[in-house]
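Next, two complexes with subunit A in common: one pairs it with subunit B, the other with subunit C.
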Partner chain A sequence: MSDLSEKDIEIFIEAIGGYFKQITHEAASIGVAYLAQNAFPMNDFTGLIKVSADYTGALYFSAPSAMLRHLLTVMKETDQSEENLLDAVGEIANTISGNARKYFGENMVISTPEKIIGIPADLNRSEKNYAYVIIIKWKHYSASLVVDIKRIR
Partner chain B sequence: MKLMIVDDSNIIRSRISRILSDPKLPPIEIVGTAANGTEAIQLFKSTRPEMITLDLTMPEMDGVECTTLLVDEDPEVRILIVSALSDKATAIQALKNGASGFLYKPFTDEELVNALLELIKE
Partner chain C sequence: MSSNKPSTTPSTLNKYRGIIIAVSLFLVFNLAVLGLNFYTSSTLNDDAVSINLSGRQRMLSQRTAKVLLTIQVDAAQGRFNEKNTAELKKVSHLFDTTLNGFKNGAVVIGGDEKPVRLKKVTDAVATKSVDEALTIWKPYKQLLLPVITSNMVDEVTLDIATDYARENNLKLLKLMNDLTTQLEKNTKAKAAKLQMIQTIALVLSLLLFANIVFNALRKLRSADSEIEKAQRETTEILNTVKEGLILLDPQFNVGSQFSQSVSRILQHDIVANTPFMPILKSLVSEEIYISAEDYIKLLFGNKVKEALMLSLNPLTQVKVMAKNDTAPRYLSFQFNRVVEDKRVLHLLVTVQDVTEQVTQAEELQALKGQSNINLDLLKKLLQADNFQLRQFLNNAQTGLEALNVILAHADKRSTNQTDLANQCFRIIHALKGEASALGLASIENSAHQFEEHLVDLRKKTSWEAQEILSLPVMLSALLEQLAQVNSIVAAINAHQKHANANVAPPLVSTSVSNNLKRLAEQVSQNQNKQVQLKLDLRLLDEMDEKVVQQLQQIGIQLIRNGICHGIESPDARLAKGKPAKGEIALTAQMNAAGAIEFIVRDDGQGIVPSRIRASMIASGRYTSEVVGQLSDKEIVGKLFEPGFSTASGTDKDAGRGIGMDLVQTLINEIGGELKIDTKPDTFTQFSFRIATHSTPTINLYATEAAV
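Coming up: the complex of A and B.
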């Protein structure tokens, strides 16, 4: 089992940057990835994608409700119910992980998104390994991408 | 032209419907939407669309399996895969199974329209 490299993490940074540029026509500011073991910067809503086959772990995209509402407005979506805010974090997590397969290949199998209100239970474990955290700033909002993925083959 | 939208994301189904409601486009009648492959097969049998936008990563039945079953039902149906899965092997597999085109998420309004117009021309 091995940790992802800095080059590997760059793929996720490019994917999240590409998402905001494509959807909002406006670049998001993406911070340098850092390692954290706990104290992950989680927000109101989180989309979680589990990976399997040659990889294990998960990717989390977590955003405040106000940011998700603004994104839905940009997409001309008028239904900004809690259900659609959850749908949005799930779809963003799905898009980032799906786009990353261009680099990681089909042997990074990704799950359908799990959508969570509040802090995901898996990130609260005290024995948690280190995971990469990437902060995304768009307009005056801040979201986070946590990449807790290891290569096992 | 009759179209069915298949995606497990409500906001994607809603966005595709909204983009295609533009009166400047050739008339496209959205005959229904489905959130997974199983629903898609049922809806296909009752509405017989000529075109389908189809996600790949979905619960119950994924888009790759769904493509095969839809083409078995109607070999003439035109399927546009709309997915974030960006590896070459997945795209090739979907096309081998009978899909007519592949559009990567995230997509712009214009990219979706152009991809569907290409399918209409075929």
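Coming up: the complex of A and C.
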């Protein structure tokens, strides 16, 4: 059970929304939001942030390559290599962790974002917790934000 | 707090005692020197008179001798000049009185023919001269007497006098000379002495003055450095103190000294003379601002005691939202008068950011509430019947998971947002009903809040990000509560299994009956109605658990509806000639064909199309034109539309307009067909036949006619 408050989760969503708004001048919106115990909707490229201290768990931002390519195009980046697509998803994860650091302060220690191609390896979660899945829409693409964070203190 | 009065005379006197004493001494000393000067000049004046007169004595002695000799020469020639006699008389008299004056002190005729005071001589040399002169003068005076007093002086007398004069004239002159010299010497010595005393006095006076100046400067310098130190300390205090400190003047302006933290706490740049009220106005609500203004004015008035006003402070703990605040904060303002001479000079305002304390207190309160809920929950769970709990937990879990699937596929569906909200609503409403029947108040409350959110969403065609996010958050909260109940129930079951191994579990029908009775009791209490529940549900014991659960759900919704909309208030019932206590009957019975009929009947006000029409128009969602076009049957059919309600307000029991929709959905799931019979002010009956049920129809008393 993720016992983050609504406000806590909004911080992550706002970070992504703000990123798209700033870079592309086109806001990202929420498509749907639900709970998931497993079978997280993962896309081609994923930025992963692990948290510790008062919290435990991880946060994933996973986007399809087409979306990232489009994002790079908007940013006038012609090199659309896999590496650059990974960097783009990492950048968004970085923005999320930056905002989270500012909001949660020392109560949440946030790892340096990991960039993953394909399905993340450590998705086999032992606990039967519910994670929040939020589908983020930008243009006609859908990315997913999975907030699998639990407060332990 | 009230400030000390500013220091008055006593402490000032103490502070400057040294200087005051030094200045007084200086004045006394200077007065003494001045007195000495007076004395000196008056003494020297006296001395000048003496010297002057002793000089005159020299002249007088010679004049006396000269006039005497002139008289003698005139007499020898037989002449007599009266003037000479008169002059002799005058000069001899002057000489005599002056000489005696030197001896004894007397008032004599001075050089300007005016009387002057002649002091007697005191030193030995002068006294000797005077005494010797007197010895010579006394016989001389006797010899002169006949010459002065008569016009005719015989030559013998004149000769004797003249001889005496010749003999003693120079002696007398010398003595008078000596006297003058001595007096001059004395005066010089005295003047020198006085000069020395004056010089010493002047030097002493200058020293004293220098001392005063030095001490005063030292005192001033130390006072200055003390003030400087005090100011530095004050500034340090004001720069480091966590509380915001401001002095307000009677015009409500901020004084020149205030703590650095004030700007941060008030989220406003504060400088000296900033008007305070506009800052306050930007922070708090209009209502609080007005009472705060009154309060501050009252504090500046001298009439009311500060202690009495403490409880009136509207800013003891006030919620504020400054421009740069991302979340509301709580500030505490305290006002203390600074009083001098019974007049309020300033108000000391202490501002603290108490957000953390308030938040902590709120969290603590919430925790307290939480533990109450848990204890209450535990009590309810211990009382609850196992079958009901199991049913509830299964249904709730299944329902919420279904709801989650609805959420997950929300954007893939062709249905609109209102349908989506209604689907979720049915699940939450059913869960709420069951939770309420079990007395699980915290779950019922959470479900109720979820419903409220869904009601808001139902009205909208597109949802905001936050509104979408609230759905899984609320879902998560419910799931968490269920998990809590699950774990408690598991623990209770483990314990009970062990303890009551031989006790048979209650019959399903008993369990359902108890559950429905509890619900009816609760709802009728909430609605201030009196209701008697009549149940005949024995058939449930033979039915499939899922159907029982569905029937129970239907029962819950219809009982709830019956109490809220059917049964009238006791007064209204009595007015209609009915017993105050209403009756709701639930029956599950098998008909001749072996089908099970489920009947819910109340003796309330009935379903009256005209009343439904009126409340439809009153709700504002339907025009009278639309309502007028519908037939009575269509009007009653409206009751089954999601979101339709005739309840005037919304509470936990009714008003969401989803109950009948849920009933219809459940009956559809069971595969029955609902029939409604009603008569105004008499009764309403819902009945349906369960077409199929999982257990085979067993007719143990079948006649041969049975096919």
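Note that in this section the second predicted complex is superposed on the first by the 144 of 153 C-alpha atoms of A that agree within 3 Å, B and C clash if a C-alpha of one lies under 4 Å from a C-alpha of the other, contacts with A are read in each partner's own complex, and residues count from 1 in each chain.
Everything that follows uses one rule, which is that a contact is a pair of C-beta atoms (placed from the backbone, for glycine too) under 8 Å apart; a residue touches a chain by one contact, two chains touch by 3 or more.
All of these numbers come straight from a predicted model, not from anything done at the bench.
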| item | value |
| --- | --- |
| Room on subunit A for both subunit B and subunit C (clash or fit) | fit |
| Subunit A: partner with more touched residues, subunit B or subunit C | B |
| First, second, both or neither for A:F45, with subunit B first and subunit C second | neither |
| Partner chain in contact with A:F61 - subunit B first, subunit C second, else both or neither | neither |
| Which of subunit B and subunit C A:L72 touches, first, second, both or neither | first |
| Included angle at subunit A between vectors to subunit C and subunit B, based on C-alpha centres and rounded to the nearest 10 degrees | 70 |
| Lowest inter-chain C-alpha distance for subunit C and subunit B in the superposed arrangement, angstrom | 13 |
| Overlap of subunit C and subunit B interfaces on subunit A (superposed complexes) | none |
| Subunit C - residues contacting subunit A, complex | 404-405, 407-411, 465-466, 468-473, 475-476, 479-480, 483 |
| Subunit A residues within the subunit B interface of the complex | 18-19, 22-23, 72, 75-77, 79, 83-84, 87-88, 90-91, 94-102, 104-106, 110-112 |
| For the subunit A and subunit C complex, residues of the former touching the latter | 1-3, 5-6, 9-10, 13, 17, 29-36, 130, 132-135 |
| Subunit B to subunit A touching residues, read off their complex | 8-12, 14-15, 18, 57-59, 83-90, 104-108 |
